[in-house]
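Down below is the structure, laid out as structure tokens.
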Amino acid sequence: LASAIKAGEVRKTTNIVCTISNDMGEEPTYVGIPISEIMKDYTMGDVISLLWFKTLFPKWATKFIELVLVTAADHGPCVSGAHNTIVAARAGKDLISSLCSGLLTIGPRFGGAVDAAAINFKRACDSQIPPDEFVESLKKKGQRVEGIGHRIKTAENRDKRVELLANYAKQHFPEMGTFLYAKKVEEYTLQKANNLVLNIDGAIGSLFADMLKGVGKYSDSEVMEVLELGGLNGLFTLSRSIGFIGHALDQKRMKQPLYRHPWDDVLYAEPERPSRLANGEDEE
Amino acid sequence: LASAIKAGEVRKTTNIVCTISNDMGEEPTYVGIPISEIMKDYTMGDVISLLWFKTLFPKWATKFIELVLVTAADHGPCVSGAHNTIVAARAGKDLISSLCSGLLTIGPRFGGAVDAAAINFKRACDSQIPPDEFVESLKKKGQRVEGIGHRIKTAENRDKRVELLANYAKQHFPEMGTFLYAKKVEEYTLQKANNLVLNIDGAIGSLFADMLKGVGKYSDSEVMEVLELGGLNGLFTLSRSIGFIGHALDQKRMKQPLYRHPWDDVLYAEPERPSRLANGEDEE
Amino acid sequence: LASAIKAGEVRKTTNIVCTISNDMGEEPTYVGIPISEIMKDYTMGDVISLLWFKTLFPKWATKFIELVLVTAADHGPCVSGAHNTIVAARAGKDLISSLCSGLLTIGPRFGGAVDAAAINFKRACDSQIPPDEFVESLKKKGQRVEGIGHRIKTAENRDKRVELLANYAKQHFPEMGTFLYAKKVEEYTLQKANNLVLNIDGAIGSLFADMLKGVGKYSDSEVMEVLELGGLNGLFTLSRSIGFIGHALDQKRMKQPLYRHPWDDVLYAEPERPSRLANGEDEE
Amino acid sequence: LASAIKAGEVRKTTNIVCTISNDMGEEPTYVGIPISEIMKDYTMGDVISLLWFKTLFPKWATKFIELVLVTAADHGPCVSGAHNTIVAARAGKDLISSLCSGLLTIGPRFGGAVDAAAINFKRACDSQIPPDEFVESLKKKGQRVEGIGHRIKTAENRDKRVELLANYAKQHFPEMGTFLYAKKVEEYTLQKANNLVLNIDGAIGSLFADMLKGVGKYSDSEVMEVLELGGLNGLFTLSRSIGFIGHALDQKRMKQPLYRHPWDDVLYAEPERPSRLANGEDEE
């Protein structure tokens, strides 16, 4: 960058810096590669690697990215984001507005378990905190282990998606430290209850951390930086956008009318009608 | 749907209908296919086919969808959407807010040429309007042909991306009526000026219309319905989200400070300071 | 503007033009008035008049704007916008994200009746279409009259809000043509059913059109331009933002958990699991 | 609430709780007051007091809220939020999308100084930290004092807006502890540089904290809770929405074309074209 900025100093000082793409030539480039070349040999996962991480991950890694995109694309109409997309689409709003109304619910509680699982498992694993200690210290703070627990799935009735991701990683990843740590956490929580399995969010999160480490470019602390910057959050968001767009098209296709939440599902708990507070001099 | 609703009538009347996915079983399904099965054999293009179009397009079609996703992912930092994403990211906003600030610029003028090209070329082609008449009738209305014209590219210096898309279609598509019509339009506009070539937006738009027709499920008017519903708009939006997320991560990585548009780039043209209008009785 | 642009030509060509405010001096100005002066004598309605309409409406008009702001501020938690705000807030999202998730539902079906009433009543009134003809021509197109009809209110049990707005206008407005036209429409629809009264949306819309006309600055067609530009839409949006922010704060105060729409309120009507379409040559 | 929930238990369990408004009766209510009553005697500030704080602040307080709304409504076209609104409006997007594109930039760096000033000054004041210590401890952490410093204004050339707010408070507020603390901080920073005055953000923030305390309903820690919940952030957002809507209308009125950021204002610093990372077994 330093030399690039030096080069830049020759020209007028610029207000904006961009290091991922360039649209000045005959054809835009992604990290120096013209799009026409991208079209020949590169996949969606490769493009994400280029534009988000400014490097070209090994094929096993960009395929894993595509596997996650396919896995997290939709989780039905009831989750916050799909629901708000549906409500906006039924209010007659355009596709983008409906999509954004849904996307704006993604955060700590919806979608956030993936991110939290990646960060928490990775940090605990790197610091070599014993799994039982990890679980109990969260419990003491009144927190659940993000990425652990499922409504239906149990030790006996495994979630196939988790197994498929794990199998892919076993065949292709150079290392699986975070995931294996998460499995040890599961071993411990399963002693508490049968449904406290490593769930799909926990699997995606821990394996994404392992993928980043495995490409051989980042130290452990750099992997944490990428996660904190939002690399995995972006992946979840991009993937789930497929589902949200699907739900918006679905409602529009069916010409569904305006949604109004049913009155009898609301507890109206207004306080007593207030009289005006009288503190302070009030000339009125 | 009728029989499904009938089935539904047995249960309590529901406020929401969803026809693309189901999250009630052990594992969510996309149009009846459990995600774990999706993970084994289906690609991103297949998932889009399922969740947006409720069917499984032929492989040549879902691969074309992936080709478009890769082609339209980014167009540099200067276009409206990337720019607003960058400004929001530099205001310290989270990834989702930055992304949405950018997405909300996608519409008639930014990204809209793809949609407009698909609809206009397809409609003119289906109605067998001669290309010269098509161009001239738009000209009379003072409108440009969407999908025609390039800053640099000319008849002699072709845009490779357009050629690659066309070659893919020639090898795989059962029909290319809309694209060939667009090429005839180009033939005519090239007589006007050397740079009035079929551009990348026009190529994506017309070929997407041909793809929809080619899968053998839709009549011409149903293809138009899919386009008007937003099928192609969704694809552009999803694809460009990759770029926007990339730009947000890029700015955050560089810890860029708050952007403030330079004063000397604004023409301040405030009118004279107004005095209060006096129409109507005013007791004050 | 012309002369201002001329003045601008002396300086470097600018990419942005702004005609409502100026931040170059010691203190920003709204249409030439320094904020410190605004603070002494101007109200919210005055500021809206300045920044949106670049003029200073008479006091009776800016007070009417404030009356509308107070009247439309909230309509309970069940409407689309409040609902999406609540869902986003319960997903743990910040105030701005929650607000925007709600705002993005405002449009043709939610909030749009105010705009549509203003435009339709004004256009019909200016074109001197007889009220019965106006109603019947909409009926023929299968459309309802926007701004007419109420769940509970009837000719005998009037909506007090409508009466208060009408009384304010009777006392202060120089003219009430659009409102009186709307009342004649109501006279006709009341013959059809007792609850087809002019509702609060219809009253706000028609009176806002009369207010714009009454300030004495706009011709009838200029009033229509202001409405089509979004002047009234902006007022509804600003007003309802008060309610949305209130709902977001309300949910956060109560620390409400993640909302998930109940499964049993959804009709899952997925089609049969599709097999892959086979049209077109497919080498796979 | 407890008794209300008890009352609620008689009915079916509800998924949503709302404590600020009710739309079940003939007319919606804000905290128990029917809108038609609100229209007679209540102002915008009163409605904000009701819907956000569930109480009726004294008149001096709701007038102060209105003073802030008028003061912060716009700060010209160059700040992040106005800029993104302008860019979206010029992309041909509707008013709501343009507004939201701008709102989504409000946060820690844009608009956040108001919030941060309120919280930091209040906390330091309540903990009786000496002003010099307060400044120096922030300096040690490499942070600026939020709410201190102005481009042009100095000890000799005071910002009139700050003085007007202070005068209003002197006349009406029962207490001004936080503001006076902020002034002592200013006294200290002015010794460092002449322009390190208490700025408009700092004045609004500290006085809003004093207003909340002064209404006589909240303890110091409850005032902090209200601030942390977003009460003041909401006020800034609502106020600035007036300006953003104004900018969107302004661009639409002028029919400004699509904005594209100028190429020569961007430093393109793409890294070298990457070759594919080779870590891990890769069968391709």
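Note that the chains are named A, B, C and D in the order they appear, and that numbering of residues resets to 1 at the start of each chain.
By definition in this document, a residue touches a chain if its C-beta (ideal position, glycine included) is under 8 Å from a C-beta of that chain, and two chains touch if they have at least 3 such contacts.
Only a predicted model underlies this, so the values are computations on that prediction, with no experimental measurement involved.
Asker: For chain C versus chain D, which are copies of one sequence, does the interface use mostly the same residue numbers on each side, meaning over half shared, or is it different?
Answerer: Same, since most residue numbers here occur in both copies.
Asker: Between chain B and chain C, what is the gap in Å from one C-alpha centre to the other?
Answerer: 29
Asker: Where the CA atoms of chain C average out and where those of chain D average out, how many Å apart are those spots?
Answerer: 23
Asker: Using mean CA coordinates as chain centres, what's the chain A-chain C distance in Å?
Answerer: 35
Asker: Find every residue in chain C that makes contact with two or more other chains and list them.
Answerer: Correct list: 1, 15-24, 77-79, 94, 96-97, 100, 104, 106-107, 259, 261-263, 266.
Asker: Assign the assembly's chain-to-chain touch graph to one of these shapes: line, ring, star, complete, other.
Answerer: Looks like everything touches everything, fully connected.
Asker: Under the stated contact criterion, what part of chain C meets chain A in this complex?
Answerer: 77-81, 83-84, 87-88, 90-93, 97-98, 100-102, 104-110, 112, 257-263, 266
Asker: Mind pulling up the chain D residues that touch chain C in the complex?
Answerer: So the residues of chain D in touch with chain C come to 15-24, 26-28, 30, 34-36, 38-40, 42-44, 47-48, 51-52, 66-67, 69-71, 73-79, 86, 94-97, 99-100, 103-104, 106-107, 152-153, 157, 159-161, 164-165, 229-231, 233-234, 237-238, 241-243, 245-250, 252-254, 256, 259, 262.
Asker: Please give the residue numbers of chain D that touch chain A in the complex, ascending.
Answerer: Result: residues 1, 4-5, 8, 11-12, 14-24, 29, 31-33, 50, 54-61, 94, 96-97, 100, 172-174, 214-217, 261, 263-282, 284 of chain D touch chain A.
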